[in-house]
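Quick one: the structure is below, questions incoming.
Chain nomenclature is as follows: A, B and C, assigned in order of appearance, with residue numbering initiated at 1 for each chain independently.
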Amino acid sequence: MGKRKKRLNKIILYIVIAAVGVVMVYPVIWMFLAAFKTNSEIFGSLKLLPGSWSPDAFIKGWQGTGKYTFGKYFINTFLIVVPTTLFTVGSCALVAYGFARFKFPGKKFLFAVLIATLMLPNTVIIIPRYTLFNKFGWLNTYLPFYVPALLACFPFFIYMLLQFMRGIPRELDESAYIDGCGTFRTFRSILFPLLKPAMFSAGLFQFLWTYNDFFNSLIYINSVDKYPLSLALRTAIDSDANVQWGQIMAMAFVSVLPLIILFFVAQKYFVEGIATSGLKG
Amino acid sequence: MKKKSVMAASLAVMLAGSVFMGGAGSVAKAADSAEDKEPVTLRFSWWGGDERNEATLQVIDNFEKEYPWITIEPEFGGDQGYLEKLSTSLAGGQAADIIQNGPGWMPSFMSKGDFFIDFNEYKDNIDLSGFSEEYLENTCTYNDKLVGLPSGIGTTALLVNKTLADEIGLDFSGDVTWEGLTEMGKKVQEYNSDMYLLNIDTSFLVTNVFRPYIMQITGTPFVNDETKSLSCSEEELTQVLSYIRSLYDDRVVQPAGETASFEGAPQTNPKWINGECVAVMTNASQINNLTSANEDAEYMVVSMPEMQDKEAQKNEGYYANPPQLMCVNKSSEHIEEAVMFLDYFFNNEEAAAILKDLRSVPPTESARQICEEKGLISSLVTTAVNLGLEKNGINEMGLTTDSEVEAVIKTMIESVSFGESTPEEACESGIDMLENILSEK
Amino acid sequence: MKKKTKVKKYRRIDYMGLVYIAPWLLGFLLLQLYPFLSSLFYSFTDYQFFNEPSFVGLKNYIKLFTTDPEFYNSLKVTIVYTLYTVPGKLMMALFIAVLLNKNIKRIGLIRTIYYLPSLFGGSVAVAILWKLLFMDDGAINNILLTLHLPKVQWLGNSSTALMTICLLEIWQFGSSMVMFLAALKQVPASLYEAASLDGAGKVKSFFHITLPQISPIIFFNIIMQTITALQNFTSSFVVTGGGPNKGTYVLGMKLYTDAFTYFKMGYASATSWVIFGLILVVTLLLFRFSSGKVYYEDGGDF
């Protein structure tokens, strides 16, 4: 009796899981299939599958209008995202090292400040930052992305790496320190290899967030030849002309494809990253 | 460990892939310039649809062939968000050298700073004789400075899907009046309750119904730029809003809830594409976009609506205005070259034939002739412009077209069109907001 | 036992630490503290970006709270948005996490599928997709029609449009789910066994064991999600443009429009401080409310 009920429970469980799963992926699948559809198929047609499987929308969408192809926007996106990610991870790891292993006057206070900035909402600093970058002549360059990354303005990642470092026994690096290594060499040769998984997680998240970021690109980047994907897509739907939704969906799909691939390849790190950073909070 | 290297490899492939694919565009640029000239690079920003973009790029290509030491980097996109980009880049000193500008935005730019050159100072580099002096004076001159050149002659007109109008039995042969629109709208609804007379959303109601209507009953633009106050009374404002409300109540226009998702782009309205809307009020420069959205139908252009009671009407409410202005950035390092490009853009025969009517009917005599000879301008656009040129409305570019004022007008229209407030309520809170805004100008 | 080795400890006080945190210190002073203070200053000035800020006292705040009807609308929309999305997202995440915290085959794949939407965050691609899916003749309404349900004007009136945007946010519950899942795994099985010996049912042990045990992580999520929700911008901006009839005109969008369309930087700064104040109050209330309700295993001292 109990066994049968258990089985029934299990079946219901699987049905619920599958049903929610369909809801979760349906929009993404729809986006992919819409790339093959005409406008009239997208609106007012019930069929999920397109009438024909011509890749025209991908080709035409990729070419964009005239001078710049989506390839250009991809390069721009990576020009923003890759350095930003590397800078963030590097600088945050060093700062975390400073907090985790050294005692210096004012440390408690500074750490409290760091934690406080975790809660600092972005909206409140956007406007002065914008005017500041304007004074520096950094508008329409990628410096507004690079410099905050170099200066470790992401307390979340510092905190995440710090927590991880606290889990590494002090003896390990202290024994290196005894051999007369400088602190930086100690960090490089002992801590850095151990920190790699955590840095990788932090890097993945920074990659993801910068890749998806719209607001900063919107206010800092003006000229089309510097547009990242987000702005290019936004421009495509604002076009004066008759919007070919198939092409836009094709490019939207292509633009999220790197994320999907990245996620499938590095799934473990994503999950670990979220789980650990969240738990320690 | 293994996973990580796979990860790294896939990242590398992605990067390489995008570099490879994107590289194609920039390789072609062989920047060998003429012997004795320093190479010059200019940036040109504009908004437009595909056709306009392609034609403009073609003109740029031709220009570069003729002036090989000048390279022009195009920057183009949609019209929405263009103003924000332009303002931020002007403020930050990052704006393009050659700028397509909205005539309605000019007054506000002019009050904020000195951003654009006076073309009168560069007459050696550009031939302005093709433009009508009066038109330049009326539409592009501020404080005696010619800060822009009109991209074309633009007017608003009513574009009618003739096929559908005939099917329903609507008669557009006489003068169209506001009251007549309501009657026609009811007829359309009787014919098929899924169809509407007008393809219009709340932001086009501002420019194509609200402002002309106000001008017709008051004879002046909505805001008086001198006194920085509203030029109409509360009753007059309520009257317009009531009329707009009645358009929704009588289902003359498609419900605001349906048009919200393609606001600002009537050519993407499925009802228009499927031939379920009879007419659209549009600027002449947009006619080609609208007709190509549904090529199965036959179209005609008629005059915009006016008051039935001609006695009550102070003026006709419509006027010719450039759809865009072409400006040159004052802080550009190569002003002369930028002006030279505009000279080519406006006066070169080949350029005229390429640009056709994509920014409405060309502004210069010579370009108009070329286009007419070659039959490059659609008769719809010509009719629209000719009808519009006869109207005696007053140019209202100024505080009336200020983006904050426009936003309040839109708020009033939305609150009546969604039925959330009565015209009286909307009028009252709108006046409050407008007085606040105007007091700070 | 481990042999006690004589290691040279890091010096008791080592100024090298300051060198390592120097980038952050500089970044903090220049890109966080300075903007923070100057936005406070700007909020008391008339600053149009093209001119120098001039002090106007409380005028901006007075205008916000007394004469700007848009402000109350935006405040309302933002609060409603937060009240829908935060509980919606977290309940969904918790529900799924509890479901998945069983011996399920192919858990990896399932987790991946559930996490997928969260990958896209506030990306424009997904915002466009949403707009298209929920248009009047879009895919969602077509599905409703096949099921013989009435069409819904998802983007066509102010309250449904707000719901549509909330759905986009709730759809992305993945990262909270992963955190909950990890937390659930940490709950000692012995607690459940003891409870079941005492005759407690599943529901009872969920409320008496599971919830208290993972309360710190729930609390953390509530705080972080609330802070994010109060600052929402992209989905309103791309999907609905703040409309219809300002129904999705969240404070974040008002801030953007005031600052970057009208260049009223001083006024927008005042708005940003109101958002900040709102976040502060909500966070403090949450802390106050949670004291005694959230269970910590360690003091977490440092």
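In the analysis below, a residue touches a chain if its C-beta (ideal position, glycine included) is under 8 Å from a C-beta of that chain, and two chains touch if they have at least 3 such contacts.
Remember, it's a predicted structure, so these values are computed and weren't measured experimentally.
**Q** Have a look at which chains touch which and call the overall pattern line, ring, star, complete or other.
**A** Basically all the chains touch each other, so complete.
**Q** For this structure, which two chains have more C-beta pairs in contact than any other pair?
**A** Per-pair contact counts point to A-C as the maximum.
**Q** Between subunit B and subunit C, tell me the centre distance in angstrom, where each centre is the average of that chain's C-alpha atoms.
**A** Distance between chain centres, rounded to whole Å: 38 Å.
**Q** For subunit A versus subunit C, what separation do you get between their C-alpha means, in angstrom?
**A** One centre to the other, that is 16 Å.
**Q** Hey, how far is the Cα centre of subunit A from the one of subunit B, in Å?
**A** Going by mean C-alpha positions, subunit A sits 37 Å from subunit B.
**Q** Please set out, as single numbers or ranges, the residues of subunit C touching at least two other chains.
**A** 49, 131, 135, 137, 260
**Q** For subunit B, give me the residues that contact two or more of the other chains.
**A** In subunit B, 88, 91, 270 touch at least two other chains.
**Q** Can you list the residues of subunit A that touch 2 or more other chains?
**A** Residue numbers touching two or more other chains: 43-44, 219, 234, 237.
**Q** Within their complex, state which residues of subunit C touch subunit A.
**A** Subunit C residues touching subunit A: 5, 7-21, 23-28, 30-32, 34-36, 38-39, 42, 49, 96, 99-100, 102, 104, 108, 110-117, 119-126, 128-133, 135, 137-139, 142-143, 145-146, 171, 175, 178-179, 181-183, 186, 217, 220-221, 223-224, 227, 230-231, 233-234, 237-238, 252, 255-256, 259-260, 265, 268-269, 272-273, 275-276, 279, 283, 302.
**Q** Touching residues of subunit A toward subunit B in the complex: what are they?
**A** 39-40, 43-44, 62, 65-75, 78, 82, 134, 137, 139-140, 200, 219, 222-225, 234-243, 258, 261-262, 265-266, 268
**Q** Mind pulling up the subunit B residues that touch subunit C in the complex?
**A** Residues 83-84, 87-88, 91, 112-113, 202, 255-258, 260-261, 263, 270, 403-404, 411, 414-415, 417-418, 420, 429, 432-433, 436 of subunit B touch subunit C in their complex.
**Q** Under the stated contact criterion, what part of subunit B meets subunit A in this complex?
**A** Contacts found on subunit B: 3-4, 6-7, 10-11, 14-15, 18-25, 43, 45, 47-54, 57, 73-81, 85, 88-89, 91-96, 265, 267-268, 270, 273-274, 286, 289, 292-293.
**Q** Can you check the complex and tell me which residues of subunit C touch subunit B?
**A** 48-50, 63, 67-70, 131, 135-137, 153, 155-158, 161, 240-241, 243-246, 260-263
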